[in-house]
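For reference, the structure I am asking about is given below.
The letters A, B and C name the chains in turn, as written, and every chain counts its residues from 1.
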Amino acid sequence: MSARDLLLPLIAVLVLAGLAFSGLSGTLLNLLIFMMIISLAAQGWNILGGFGGLSSFGHAAFFGTGAYTTLILQTSLGVNAWAGLVAGVLLGAAVGAGIGFLSFRSGLKGSYFALITLAFAEVLRIASNSAPITGGAAGILLPLDYGFLNLQFDDRRWFALIAILFVGAALALTRWLERSRFGAYLIAIRENEQAAQALGVDVFRVKLGAITLSAGCTALAGVLYAQNYLFVDAHVAYGPWISIEALFAAIVGGLGTMFGPLVGAVALLGLGEITKMVSGGVPGVDLLVFGAILILTVAFVPGGLMSLRQRLTGRRRPRGETALRSEEGA
Amino acid sequence: MLSVDGLTKRFSGLVAVDDASLAAPEGRITGLIGPNGAGKTTLFAMAAGFLTPDAGTVTFAGEDVTAEPPHLRARRGMARTFQIVQPFAGLTVRENIAVGAHLHHPSRAEAMERADAIGKRVGLAKDLDRAAAGLTVAGRKRLELARALATQPKLLLLDEVLAGLNPSEIRDILPVIRAIRDEGVTILMIEHIMQAVMNLCEHVYVLAQGKMIAEGPPIEVSRDPQVVEAYLGHGAAARMQAAGGADA
Amino acid sequence: MYSPLIVAEALLNGLMLGAVYALIALGLTLIYGVLHIVNFAHGALLTVAMFGVWLLAEHLGVDPYLSILIMAPAMFGLGYAAQRFVIGPASHGSDNSILLVTLGLSIIIENGLLAGFRSDTRTIDTDYAFQVVELGPLLLSFPRVVGLFVALLSALVLWAILERTDVGRAIRAVAKEKLGAALVGIEVSHVYAVTFALGCACLAVAAALLMPVFYVSPTTGRAFVLVAFTIVVLGGMGSIVGALVGGLLIGVVEAACSLFFGDSLGQIGIFVIFILVLLFRPTGLFGARQ
């Protein structure tokens, strides 16, 4: 990977940061922060689902682990928020590696993989809803205490900036994936596992690496979520909502592309806000629209929003298209 | 380079390969022929590690690799092509070949460069930027060969890479295969097209209903009455001899 | 510490709940066996059926059990349309896409119901909800006894449809050999839609059996979808007998877990079984290797 490869992520960071500091209203700034968090979760999903062709329905398992880890460490051990962040990401990645180890060793893919990830997330959700360490059904509240070390800011633009920088880092990670042997192997596995094996690809290890990276990235989103709202409970952490938003944003934006998850998150959440406004706050309307968009995307634009741009400029078939179509029957 | 001994594979009752042995000596092109459903592909799959044999051993470069998974055999220098082509459909031809080249070239740029060179060599120069899914049958066969070649193998296992090609395409590719051998790559090939087998192989094995029924230089083997019967049915050899022409 | 009588009653009640589970799983496994798709929207479709039963009871005063006569054809029609006009065309036949399309469908249904009915839970009051049937020393809940019998009857009807009717023969032909069936003039997309519709009709029956003892909210189906998947995986994907046995088994396991460890751990038990079966026995306890 060369310095030039980092140009686009850098531009994205500058644009987003410019937006954050452009005098947005509090509501819009909060929306921007939320978009960044969902985009990070989706960027994590994209590594496994977009590049590796392994659709997970349970990325909540990683998101929630990140969120709980940092809050538990801060509230009960008094660890500072940055150390909590690192621990959250590492533990989330470890949960990913564990789930991946079990699932891939058993050769699960396709629907079976989706279902088992969902089951793992649900086990964690039910367990954390009753376990004392996670605060049971009441959840965990982090006391308000501004300061850089606490990752809490009186001026929320600074938190937005930090989230944006992490999004930039995830973009760079994705760029590396596109430019590295590891990424080429991961895509090869998505396209045809057997052929990849014949060319010397250690399918198990590459998948394991992918789910670990993917989980770490989504766990980071969980950490930032907990840090932003200073609260987490079983539903927020391990509930299906985040698995679904991560998947939606990645697919709608464009699987296996660098900007797909970011574009998808911004587009979906933006649209969600608009629907909520238009419908006068009827619950569920935004998700209803998301569901319809998911089906329409799969049916008509399998390459996601990113492929629209490529279609307009007449470039060759985008990669994401085959991520959906690959026949990964288990 | 490669030897398989007493390989056996059963599929729920059917014995697809039955106590078959063969050797592919270094630097040679060895042929494996036999009627449809003889078990040739199954034998290849066991040699390359995609199927676990029920009995027998696979030895590669002097080491027993019977229990080794396919990717480790590939790293040792064993590369196979698939009879039913297995392209990375969504990737370009160049990217397809580069996956093979990555085995010994971690850098993306180098792997792509190697892919270019190999693509040109097997006659895919003008297709390098096309999606693999858009290739013709002949193109896909070439791609199988190119990808395997890109791993810089010591042994190439070619499963009917000529099937589906027209005579002029075959004429183009024969010298390529010979040139690969001349660089020191050992080749074991499954082939139905006898003209090509005669042309390329120094030694052929004949598999029929899972059993190795003959081996030797192609000309001799093709005159072997047992082989003729295996291909044409019981009593065929006698009938042909009676008709005065055993030239299969 | 528990008297044998209580344990026996709990297990029998579990068995009867299991019969309803089995019915839900039956629809899922039928769809899987023929279309080879994992229908993630199955739980949401169950919710739709439950709301249907509730609406009929609430506004028209139709008895939940009688509403089967209306809901089964209605769900059949809905299922037919969903497969024929949405899932089939949108997913281009790829496994991954089908999963995502049915996920999208389940989200649309759940949130459509949420928008229409809000998140309140709704129940139906019947005279017989708390009636018991005496079986020797055991007291069994009346709705659950009905559930057991109707569920088994439905399985029998389904079996008869598959074995004894032209549609059933076409379904089995498509399940075995899609291309061959198409060649002899069977319209595969129609058969797919009918199969999907039959699966949904099973849900209508299950909904009617559940409503006298259970509640419905827009997310009720979620709890059932993973249970149904567990049963289907346990019984072997596509196996009807497997779904029946698996359903009964899961019902008993859940009842036992709830009795001994409390409700939430009972739920975890099911997920853990699901995970273990997928990891170590992905073809199910009875399923043949595909």
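As a working rule, a residue touches a chain if its C-beta (ideal position, glycine included) is under 8 Å from a C-beta of that chain, and two chains touch if they have at least 3 such contacts.
All values derive from a computational prediction rather than experimental measurement.
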Topology of the chain contact graph, where touching chains are joined (line, ring, star, complete, other): line
Two chains sharing the most contacts, counting C-beta pairs only: A-C
Approximate Å spacing (C-alpha centroids) for the pair chain A, chain B: 44
Chain B and chain C: spacing of chain centres that average the CA atoms, whole Å: 49
Separation of chain A from chain C, taking each centre as the mean of its C-alpha atoms, in whole Å: 32
Shared-contact residues (touching 2 or more other chains) in chain C: none
Two or more partner chains touched - positions in chain A: 323, 325-326
Chain A-facing residues of chain B, complex: 48, 50, 69-71, 74-75, 79-80, 82, 86-92, 95, 98-100, 102-103, 106-108, 111, 129, 131, 147-148, 150-151
Chain B contact footprint on chain A (complex, rising order): 179-181, 184-185, 187-188, 191-192, 194-203, 316-317, 319, 321-323, 325-326
Residues of chain C defined as touching chain A within the complex: 36-38, 86, 89-92, 94-97, 99-101, 103-108, 110-115, 118-119, 218, 222, 226, 229, 264, 267-268, 271-272, 274-275, 278-280, 282
Chain A - residues contacting chain C, complex: 53, 55, 57, 102-103, 106-108, 110-112, 114-116, 118-120, 122-123, 126-127, 129-130, 240, 244, 247, 251, 279, 282-285, 287-288, 290-292, 294-296, 298-299, 302, 323-330
